[in-house]
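Chain naming follows the written order as A, B, C and D, and within any one chain the residues start at number 1.
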Amino acid sequence: MQFDEFFFIDLIQTGIDGAMLGSVYALMAIGFALIWGLLGILNLAHGQTVAFGMFAGLVSAGHLKLPIPISFACAVVTGVLVALLVERICYRPIRRAHELVPMIATLGFWITTEEILQKIYFHMYFKDFMPFPNPFTMTRFTFGEFVIRFDYVVTMSVAVVLVAALYFVIYRSRLGMALRMVAAGHDIAHLMGVNVLKTLRSAFMIAGAFGGAAGYLLGYVANMANPYAGSMATVKGLFTMILGGAGSIPGAIVGGIVLGFTELESAYLFSFAYRDAIAMGLLFLLLVFRPQGLFGTRVEDKI
Amino acid sequence: MKHVKTLTFAAGVSALLAAPAMAFQDEGTVRLGSTEPLTGPGAVYGQPTIIGKKIAIEEINAAGGIMIDGKKVKLDLFSEDDQAKPDQGVSIFRKLESSDDVLAITGTIYSRVSETMWGLLQKKLDDPNDTGLQVPAMSFLSMKAGVASISPWAFRNAGVECDQHEQLIDLVQEANGGAEFQSVVAALESNEAHSAAAWRVCYQGSLKKRNWDTKEYVEWFEQDTDFSVQVRRIRRAKPDLFILSSHYQANVGAMLEMARQGVTPKYMISHIGADAVEMIDLGGKAVEGVVFPSTAFFADPGVKSLLDEYSKRTGEWYMPAFTYLAYEGMYLMKHVFETAGIKNQPDTLAEDRRKVRDALASLKDWPNPMGLKLTMGATGDISRPYVYVTIKDGTFKLWWHPTKGYMNP
Amino acid sequence: MLELRDVQVSYGEVRALRGISLKVEEGQIVTLIGANGAGKSTTLRTISGLLKPTSGSIHFDGKELNGTEPHEITRSGLIHVPEGRMLLENMTVRENLLAGAYCRSDKDAIQSDLGDVETRFPILAERNAQKARTLSGGERQMLAIGRALMSRPKLLMLDEPSLGLAPKLVEEMFESVSTLKSEGTTILLVEQNAYGALAVADYAYVLRVGEVVVEKDARSLLTDKSLLDAYLGEA
Amino acid sequence: MAYWYTVISLMCINTILAWSVYSSFMTGTVSLGQAGFFAIGAFASASLTAIYGWHIVPATMMGAVAAAIVGLAIAIPTLRLKGLYLTIATVAFVEVIRVVFHNIKYGRDGEFAIDASSADARQMPWIGPDGPLGFRHIIYLTEHHITPGEYAMWLVLLVIAFGVYFWVLERSRLGFAMRAVEEDEIAAQGVGLSHNFLKVFAFAIGAAIAGVAGSLYAHLLTFITGDDFNIPLTVMMLAYVVIGGGQTFWGPILGALIFTLLPEIARETKEFRLELFGIAMLATMVFRQHGLITRDMVRRAETRIKTAFTGRNTIGPDEPGAPAPNPTKK
């Protein structure tokens, strides 16, 4: 950091970039938040919906040259399918067990599928990093001293649209009513006549859709696809979710933006090397002093 | 008493594995250990390496094998998977050394794992107080500076990284008409040990020697996807020499961001991690102009036959330099086995290992398959002529060649 | 209408119900009374499917319920208002009421029922945009019952509706239970407040440690003070 | 043989690590911070032996003490967090520790026979942590002629010692109190110790045990870097406990043994090792939700052993052990 004539310009620009980057984190965190809020488990396999969504985007847009909206849909559908698989294998058979049991089962799913995905990349391309099609990678908007990347704008807009759609579902649809009842407690939802298992499956599908979309957008902004994106997404998504308030969807969104912002600003203002430590240290302090996260008013305050 | 059971079980299994060693010379083979990450994230490096080794071994064995103690024997590769994990590396290094009784161990890829494996080796030669392992070990990559200096038993053929950078900075300055650079900017991929070591040990040393200061210095992480903060600082510094001590994944992200922000340093140099076809795949136009050292340029006529065979097996047009290094390494081991005067018998194993080590340490002017002469340096690194490669027009082009000079400056 | 035959339930190794048999006839109020831990709530949770009986059978409306998922039991008109009300705390009063009608798809009838409930409990209409967690104890109880009514129960199971209410409210609550009965709702009432419950009930079962120890016409049980004291303590 | 000694050593280290998780697990605290304590133990004790020439035993003890002190500092503020919130707080701690050890440098110049005329030898042998370059030359074992077999034997003895500790603990009033904290925090106050004290105590002991494991690991591997102590490692430690079974101290042993040995046994399957590993983990959880070893199994085995020794059936009234800790969700 240098105090020069550019200091404030760069400070603000960094904030803008951080918030934009954070929108991808937010998308990754929503799936976590949904599953935690409804089931109270950590779905460590959630990152795999991101990795497989990214892969579907790579194959459909990069390989089959499908138009972008269709390949985006492919990524979302793939995310949903992976999430359904997770629900079927790692949640449904053990839903009555201790909360750690599904967590470790999803860890097994994570290890297995990451290795399988890596083999698929390897057999298809003999590489693990592949270019992800992004025709607008160089496009930027300039506003005076400030610039905004076009692909970040796309990501942010898609995130906003998806979140709006999610809110519509939660507050305006029958499924949303069911989801909110399940979030309030499985017993009470049962007593209101909600098919809890089916609702949870829908929740996994929604989470998977967000994961798939996040995978596509992550590949899109980074210009590359790789089989390890799931691990990164799991770690970042988890931290984002906790930062915002576990289980809270508005929290996941704000948490993502705050995490992106904190990462870049702490790199700009303090230190590159300790960037992650600063972000994590803040997270730790936040948990100690405000365990409900930035957004949750109470721990039970889900969805 | 579960653990006692497991202990007996483990002992039983090991007894099986440690079945009486066959007489090597009589079984018609010479045993060579090999360790690479064949599964997990490291497999993308391990697989091209093992292909290079296998091509060489097939060629050697097809030509009759290795002449040891007056008899032609086949090269037998004991290959293991270390998953690029240090704890796995330690156990299989011991497995190769003690259970498989190999004459020498080749590998592995990741400096992190090589360093752990070689940490087991004897530090002070001929010191009876030092009970470290005594087996010659040779890596064909492990570029992190100083790795081979851990032990007199450890060697690398990837070259002396610091020499590469020293020479490249000289060459760049020469290409710049000998003028000093006004603004040197450096970027370090700080969570990657090789990049960190290259920066700390090599680049910083070279800059200090020339009394050059970096006008700006930034760091990023391997998995980063946003480089805007760093590139903005680079842009403010208006660099004419940009040093990227970083691997392709982060290089590409950063250079794309540089293209976006319109940062065009006059010269960009990077280390061996830029030597990957992914640079072109992922970076496209944005990475053009970067110059980096290479031990074996894949389009060099000297490696044509290997490239053909590699392409046939993998379907790739491009062969990484470390595939060549693995291939060359097998021939190097053949040469050493043939000249060390070993007996290749179970009871001469310790002596043979020592002879192989001495032969490796005193290697001088060995003509490699490309026809270049290699000599072993004191730190266990082979000094060798390097080529410098650049990216231009969507492909790799030679930038400077030891005999042909500047080619695409 | 509802019949339990020798229903047994265990939590792990603890036997919570040791064979409960009871009957609820249409149009009746049947009450289950007993001290704390007698198994009253467990019985209701078993009937509504939240707990699985280890043996015995439950029949409702002529159908056997064993193995039926809880949401299907709710959909068949057997509505359970659990102890502590279990409101949807973060939803508004109106949303809570609509949640009660979750299983129904007849939109017009839902709207008219909503009107009915809001006339029955005017305070709910007043507070309709408030979050459920901000309500007072009496209001919460009204909301719980109103919500149950929104699902048009054939049989309403109320678990401790008088718990934690001021004496005046308790009285009001028992009055509204009688009103419900007079409107034709069958009710299974679980209560610790035995006198209040017996006053409105037709028939009563007394539970102790997971067993029915007495079953009797509610009026006659109410007059048999010694029997009550023996089983309920000072209840 | 040295190979199997190394595998056994790693199994012992992983068992100790699993127990370090188990220690606080007994009180219902799920810690994902053990990789941080592991790192502290490793760096502290390796610094003492390599830089200052300490004996390995006091160095290991100091490593454990350092880890325990940090454990106390972590446990006290995070205690009021519930369930997985605490778990996440400990993960954040691992990240902080990893980054710190990735960046610090201290130590002394070493003397190794390297020709200083080479460019690479500008890198003088540095003994001590050296930022991203790592901590080399932790060569206590070879310097002191401790063979892999001897080391493995010491580690096995240490595992037995820790096993005895847990065996005694589980049968003591303290152990019951800890279990009671897990089951019901109020009930624990019956033994006269506050449940906060029990939780902090168990957490600090867990941290110390992880510190011991760190020391053993550093000396076995001879080279460590901050990046070794990462989130996947810390999740694996918890997985050992959950897979083996968190009801008794036998479970973590089995979990650690199996999942250390599995990749070794599976060497034959070559490229499908990792898939096999993940599937085994998944399948265990699906088919054995309480882990491989449950408290009932241990009780039955103990009864059988007692019967075999005394020749009569000694089943008395049920021990007042805590009920099976498998709370049905919500």
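We adopt the following convention: contacts are C-beta pairs under 8 Å (C-beta built on N, C-alpha and C of every residue); 3 or more make two chains touch, one makes a residue touch a chain.
Model, not experiment: these values are computed from the prediction.
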_I need the chain pair with the most C-beta contacts, please._
B-D
*Which chain's mean C-alpha position is the greatest distance from chain A's?*
C
*If you average the CA atoms of chain B and of chain D, how far apart do the two points sit, in angstrom?*
34
*asked:* Rounded to a whole Å, what is the gap between the Cα centroids of chain C and chain D?
replied: 51
*Could you tell me the distance, in whole angstrom, between the mean C-alpha positions of chain A and chain D?*
31
_Show the residues in chain A shared as contacts by 2 or more other chains, in ascending order._
115, 185, 187, 273, 276
*Which residue numbers or ranges of chain D touch two or more of the other chains?*
102, 271, 274
*For chain C, which residues are shared contacts with two or more other chains?*
none
*chain A touches which residues of chain B in the complex?*
39-41, 43-44, 47, 190, 218-221, 223, 225-226, 228-230, 232-233, 236, 248-249, 252-253, 256, 259-261, 277-278, 281-282, 284, 314-316
_Sites on chain D touched by chain A in the complex_ = 30, 77-78, 80-85, 87-89, 91-93, 95-96, 99-100, 102-103, 231-232, 235, 238-239, 242-243, 246, 271, 274-275, 277-286, 289-290, 325-330
*asked:* Please output the residues of chain B touching chain D within their complex, sorted ascending.
replied: 2-3, 6-7, 10-11, 13-14, 17-18, 38-40, 43, 80-81, 83, 86-88, 90-92, 94-95, 97-99, 112, 115-116, 119-120, 122-125, 129-132, 144-146, 148-150, 152, 160-163, 166, 190-193, 196-197, 200-202, 205, 377-379, 381
*asked:* Which residues of chain A touch chain D once you look at their complex with the stated criterion?
replied: 36, 39-40, 42, 44, 89-90, 93-105, 107-113, 115-116, 119, 185-187, 231, 235, 238-239, 242, 246, 273-274, 276-277, 280-281, 283-284, 287-288, 291, 299
_Using the touch definition from the top, list the residues of chain C that touch chain A in their complex._
48-50, 69-71, 74-75, 79-82, 86, 88-91, 95, 98-100, 102-103, 151
